[in-house]
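First chain A sits with chain B, and in the next complex the same chain sits with chain C.
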Partner chain A sequence: MARLIAKSPLAGLVPVEVGGLTLSEVETGPVTSVAPFKGKQTAVSKALKAAVGLGMPKVGRMDRKGEARALWVGRGRALVMGAALPDLEGAAQTDQTGANAVLRVEGPAVEAVLARLVPLDLRATAFPVGQTARTMVAHMMASVTRVGDAAFEVMVMRSMAQTLVHDIGGAAKAVAARDLV
Partner chain B sequence: MRIEGHGLIGPGTVDFSFDGKRLQGREGDTLASALLANDVRLVGRSFKYHRPRGILTAGPEEPNALVSVGQGAGLVPNVRATQQELFAGLAARSQNRWPSLERDVMSVNDLISPFLGAGFYYKTFMWPRAFWERLYEPIIRRAAGLGALSGQTNGEPYEKAFAFCDVLVIGSGPAGLMAALTAARAGADVILADEDARMGGRMLAEVEDVDGIPSHEWVGEVLAELAALPNVRLMARTTVTGAYDQGTFGALERVALHAAPGAVSGAAPRECFWRIVAKASVLAAGALERPIAFPNNDRPGIMMAGAVRAYLNRWGVAPGKEVTVFGNNDDAHRTARDLAAAGVKVVGLIDSRDGVTSGSDYPVFTGSTVIGTAGRLGLEHITIRHNGGIRRIRTDCLAMSGGWNPTVHLTCHMNGRPVWEPEILSFVPRPGSIPGMVVAGSANGVFATHGCLADGIRAATEALAVLGVSAPQVEVPEAEERPYAISALWAVEGKGRKWLDFQNDVHVKDIRLAAQENFASVEHMKRYTTQGMATDQGKSSNVAALAVLADATGRGIPETGTTTFRPPYVPVSIAAMGAGSQGKGFAPERFTTSHGASVALGAPMIEAGLWYRPSYFPKPGETTWREACDREVAMVRSAVGVCDVSTLGKIDIQGPDAAALLDFVYANTFSSLKVGKVRYGLMLREDGYVMDDGTTARLADTHYVMTTTTAAAGLVMRHLDFVSQVLRPDLDVQIVSVTESWAQFSVAGPKARELLNTILDTPTDDAAMPYMGCGPVMVSGVAGRLFRISFSGEMAYEVAVPADYGESLYRLLVAQAEVLGGGPYGMEALNVLRIEKGFITHAEIHGRTTAFDIGMDRMVSLKKDCIGQTMSRRPGLLDDNLEQLVGLRPVAAAGQLTAGAHLFEEKAEAVRVNDQGYVTSVCHSPTLGRMIGLGFLKDGRARHGETVRLVDHLRKIETLCEVCDPVFFDPEGGRLRG
Partner chain C sequence: MRINCPHCGTRDRREFTWSGADVALNRPAPDAGEAAWDDYVHLRENPAGASRELWYHDPCGTFALVERDTVTHLVGDAVLAEKVAR
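Let's turn to the complex of A and B:
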């Protein structure tokens, strides 16, 4: 019998270098949405910590421990990436592996480029490493996380992967072209 | 005329052209300074009377010198020559003239001007009424006007961007520079924005010292300090255009407009529209000089006195050889002084005030006014009234100054009204008009350099206090503390029109006429005369015009008030505001995992919302979509077809109260659904009308997965979030979209199971998976889900795998289907299959139909409450006379049906009052060999078998149709149960 072949959301679109930025796909590993039921936040956070070493992240934060990452994505909800989860008593767990395209955007001009697409204050003082937000990237709803001094991860719906690369690439080219004016 | 050794421009020459004439300017020139250096005085024709006009100002307020720059699609009209930086190869053209600037046919308007006063068009072209829109207005618009757009699609790049800071300083004159320096030294994140290419404001245009060095050198030192600080961002060529809520400002940056095409990367944006968010701001926008309304004050060569000084001191250009100066304030004297010092002949200084002394060696006429001018295409003479006599002076340039108006515009953008300041005879900002904004320098009515420097420090200190930061000690540099003395002079009486608004050709008499006809409120006067409209928005004319209005109505100026200043401060290209939203930037494209495979099969893609879905899959020899569609329908009915249905919304619902939530949002009941089963559900809006439909599967006791239509996926997700957070926060339930988590494919047709069993690790059968069953399966080694649901009337399944495996599964399913005589089918076939089976889509549940209308009112359970239940039973919504869902088939086999057509009784006239209903969906049914349709017909369910007349007024089609049950094919449903 035939076996199915997996293809990641950004396969064939990245890696690319554009306007001094490097765009690459983040290999997320398994991705699970974890949303505790009423009154179960603390218990679920403890159970999660026991399982992967990370509790439920605070609002606007991404925590990591080894390969595992816990990303705040909204009211009472986190995406746990990079680790398969056991059943956590008291939480809705939903597999989201492959549902999102996660793009790493890196380079000295990354803040300037994202300032063309994201309506948030992304200066390091306001948006330090580990900070995350649900916001807009051009016309797409997205999750934006700072992962380094000059590196962000941008997550959009899988179906919009091509538009994400197009829009960030376009903004990067325009920013780079300014240096020559 | 260029004065060598003068000005702050570079030595290099720059070739450019104006109206095709080749000219040469210098590095650092604007188009305006270069034209003046080449003694070009006539640069445009006025809006209404086509009067010859020249450069009036040296800044963004320029009303006359509007030119078109660029070629073809990249042409930009109405560019202010005073702001366009010169570059090699710049080709500028004058506007609003034909055949040439010197010989303009429409200048005949000026000869008949006594008939063309304010209100002329409204009074003259009233009848017949319909003629205004179709005849009069287009002709008038063509005769009057500014530059025209190319009408072509402009592919040039524009940009939008966001910026954030603690303190935004607007303007880089003495006040702005000191404010920026003070805030920067305090450690605040500072953005300093200035509309000019070179920062420094008036300090580049005046001859004076600051801290013992020439002011422009002092500017250089301050800018060097600011540029070296990491917390300062200098944004030159950036005009702040609007002040909005929450400390947000709009700003337009000219990025590549000053660069020769080809000299920069094609990716460089022409302009960038910024949204700057600042915790506090300092407005140091300076002041704009106002003209004096004396007879024929609009000839080329008559300029603002401050502008003449700027051209001389910054660009080394004398706008005339024999210059006169006319003013009502001390500032005018500076122009005469600087010109004389530079060796330009000053033939007279006319000061309206008595007893003013000068100590200069050029003639000074005090207590005098200019009462007339002469020169057809440029100033040749002026006439002055002096000592009770009349005197004629030969001059080619008259520099006028009626005083300075603080640039209060931004402070009025949130409904602030400026305050009259009698000392300077102008308006100053009302403090606190924009939250967090402090106004400094000339914008605040402080006109001396030393005062501006000190006021900048004061303003920054106040702005820092907003942030809770204390200001460092900053010393005020030494500078001139020159008093500003002015006496009122708005209009000078005499023969000839006394122009107030140069851009809109409004003169003193127009304002008086407005007052006489009782358009006495300043807002009414503006609309009556058009004063203050168009690209300059009355920057030069507003204060003088309302002074004339105040005089005409016998009120004071403060009582008369100002019109409202609204954003933007300068014209902003739509291209900049909409940057990035052209072409593929207009909306995201959503692609399914099978997209590449479908395209490889030659399928044309259609847009369904943001999604791209295959329309049909053409085979060799098929020349029309219909052939492919008919084949695909027959293929599904006889063998098996595969279709990607991943675009349907999928929502994961978990929790102890999951069933209760579903019972609340669906009209029918889901708490009674057994685990491993799927049920069709109908969702109502609060008003009782249908919102969406779909199937929901119960995967476990507290775990459901809901399917929505593609179009309403976002709407339903939002609705569920709203219900769970607002209407039923008592329910313990968690909702998350899994639309993108699963790639899902419909496998439909008599051989559907046979096909499935080639890819499932464990074969399925009717016992394991009966109609409307669901459950987990292993799909070629991958954990997936199987649903036995049908949108085609055939035995059908939907098989889902994690999205990473979608493309692989699709290719496998298509390959295996082809072995069985099947293959892929597209949206066209999907639509035909569902119409044949009478299944509805949003063509039928279009927002104006109820469950009753579509024949599903029995689904609205009365055993429980649900959203929309009560309202769906409102009187009038269950009336037999309402339009109800029916099937339609043409009486003649070849009869044509069209969606959107209306239905009438067979013999009735096809007019609105006889309308019986309308057609929502049609197709050619290859299964039935004729067209079929779905539609809504009054009392339709009781009229099966009747004949009605379909009339499509737009496409001119009439067809007699038989009304029938909406289910055309296999009404018993034997096929889908297998």
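Let's turn to the complex of A and C:
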């Protein structure tokens, strides 16, 4: 059997420091998409809670329990990360491990940088820790999640990893350049 | 221009894809006859003023029925297309 070397979505692109921001990769562990069938939301949420200690996340939320995270990613769908799942009765489950790149963006200017790329109010008053949104980063569809006072996680499809690092790096340099004039 | 996604909130227009008038919510019965089906498949209004349109919020996967005025560009109420009585 061929011996394949696993390569993470952001391998070779990060970690990097740019314009005062630190960009790094979030190691997600196993990732499963969970989409309850019609009328099965409550049952699936209960089964998920029994399995990993987290129910289906509410709209716009990312919940954590230990290593496990449940990220709302759209209507009737969540990504469960950091824990392998058993079969949940009443839900469509697909393995999404490695399908997405998750970039941690951290630094004092993070809100100013993301403001150039994301058409949302991401200030802490409107977008507190644990809040997530399905939105656009530059032209890419993404999940944007606040994970700290000056830290966000941005998730895009794996094929967009390089563009994401490029666009956020460019915006960070442009924001940093304003301090030079 | 901002549109209210009934699932996740008011968002910039660039996050949405326009899917035309709300024709798909008014599909005739299978036995409605040729004229009704010809109208449904081929004929479209081109209203100046109030219109009912389907917009798709791409990042979250929700179809919304949105009231929009094609003259003033005023965007009004939006509801889940799924919840619209057919």
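As a working rule, the second predicted complex is superposed on the first by the 179 of 181 C-alpha atoms of A that agree within 3 Å, B and C clash if a C-alpha of one lies under 4 Å from a C-alpha of the other, contacts with A are read in each partner's own complex, and residues count from 1 in each chain.
Assume a residue touches a chain if its C-beta (ideal position, glycine included) is under 8 Å from a C-beta of that chain, and two chains touch if they have at least 3 such contacts.
Predicted model only: the values in this text are computed from it and were never measured.
Q: Who does A:119 touch here: chain B (first), chain C (second), both, or neither?
A: Both: A:119 reaches chain B and chain C.
Q: Return first, second, both or neither, reflecting whether A:133 touches chain B, chain C, both chains, or no partner chain.
A: Second partner only, chain C.
Q: More residues of chain A in touch with chain C or with chain B?
A: Of the two chains, more chain A residues are contacted by B.
Q: If you stack the two complexes on chain A, which partner ends up touching A:59: first (chain B), second (chain C), both, or neither?
A: Touch partner of A:59: chain C, not chain B.
Q: After lining up the shared chain so the two structures overlap, which partner does A:77 touch, if you call chain B first and chain C second: first, second, both or neither?
A: It touches chain B and chain C both.
Q: If I apply the document's touch criterion, which positions on chain A are contacted by chain B in one structure and by chain C in the other?
A: Residues 75, 77, 119-120 of chain A touch both chain B and chain C.
Q: Can you check the complex and tell me which residues of chain B touch chain A?
A: Listed in rising order, the residues of chain B that touch chain A are 157, 159-164, 189, 255-256, 259, 264-269, 275, 277, 580-581, 584-585, 587-593, 610-611, 652, 654-656, 725, 732, 734, 736, 738-741, 759, 761, 779-782, 801-809, 812.
Q: Which residues of chain A touch chain C in their complex?
A: It comes out as residues 59-60, 74-75, 77, 119-120, 133-136, 141-142.
Q: Going by the contact rule set out above, which residues of chain A touch chain B in the complex?
A: 1-9, 33, 35, 37-38, 75-77, 91-92, 94-100, 115-116, 118-121, 123, 125-126, 138-140, 157-163, 166-167, 170-171, 173-174, 176-178, 180-181
Q: Using the touch definition from the top, list the residues of chain C that touch chain A in their complex.
A: Touch residues, chain C against chain A: 7-9, 11-12, 14-15, 57-62.
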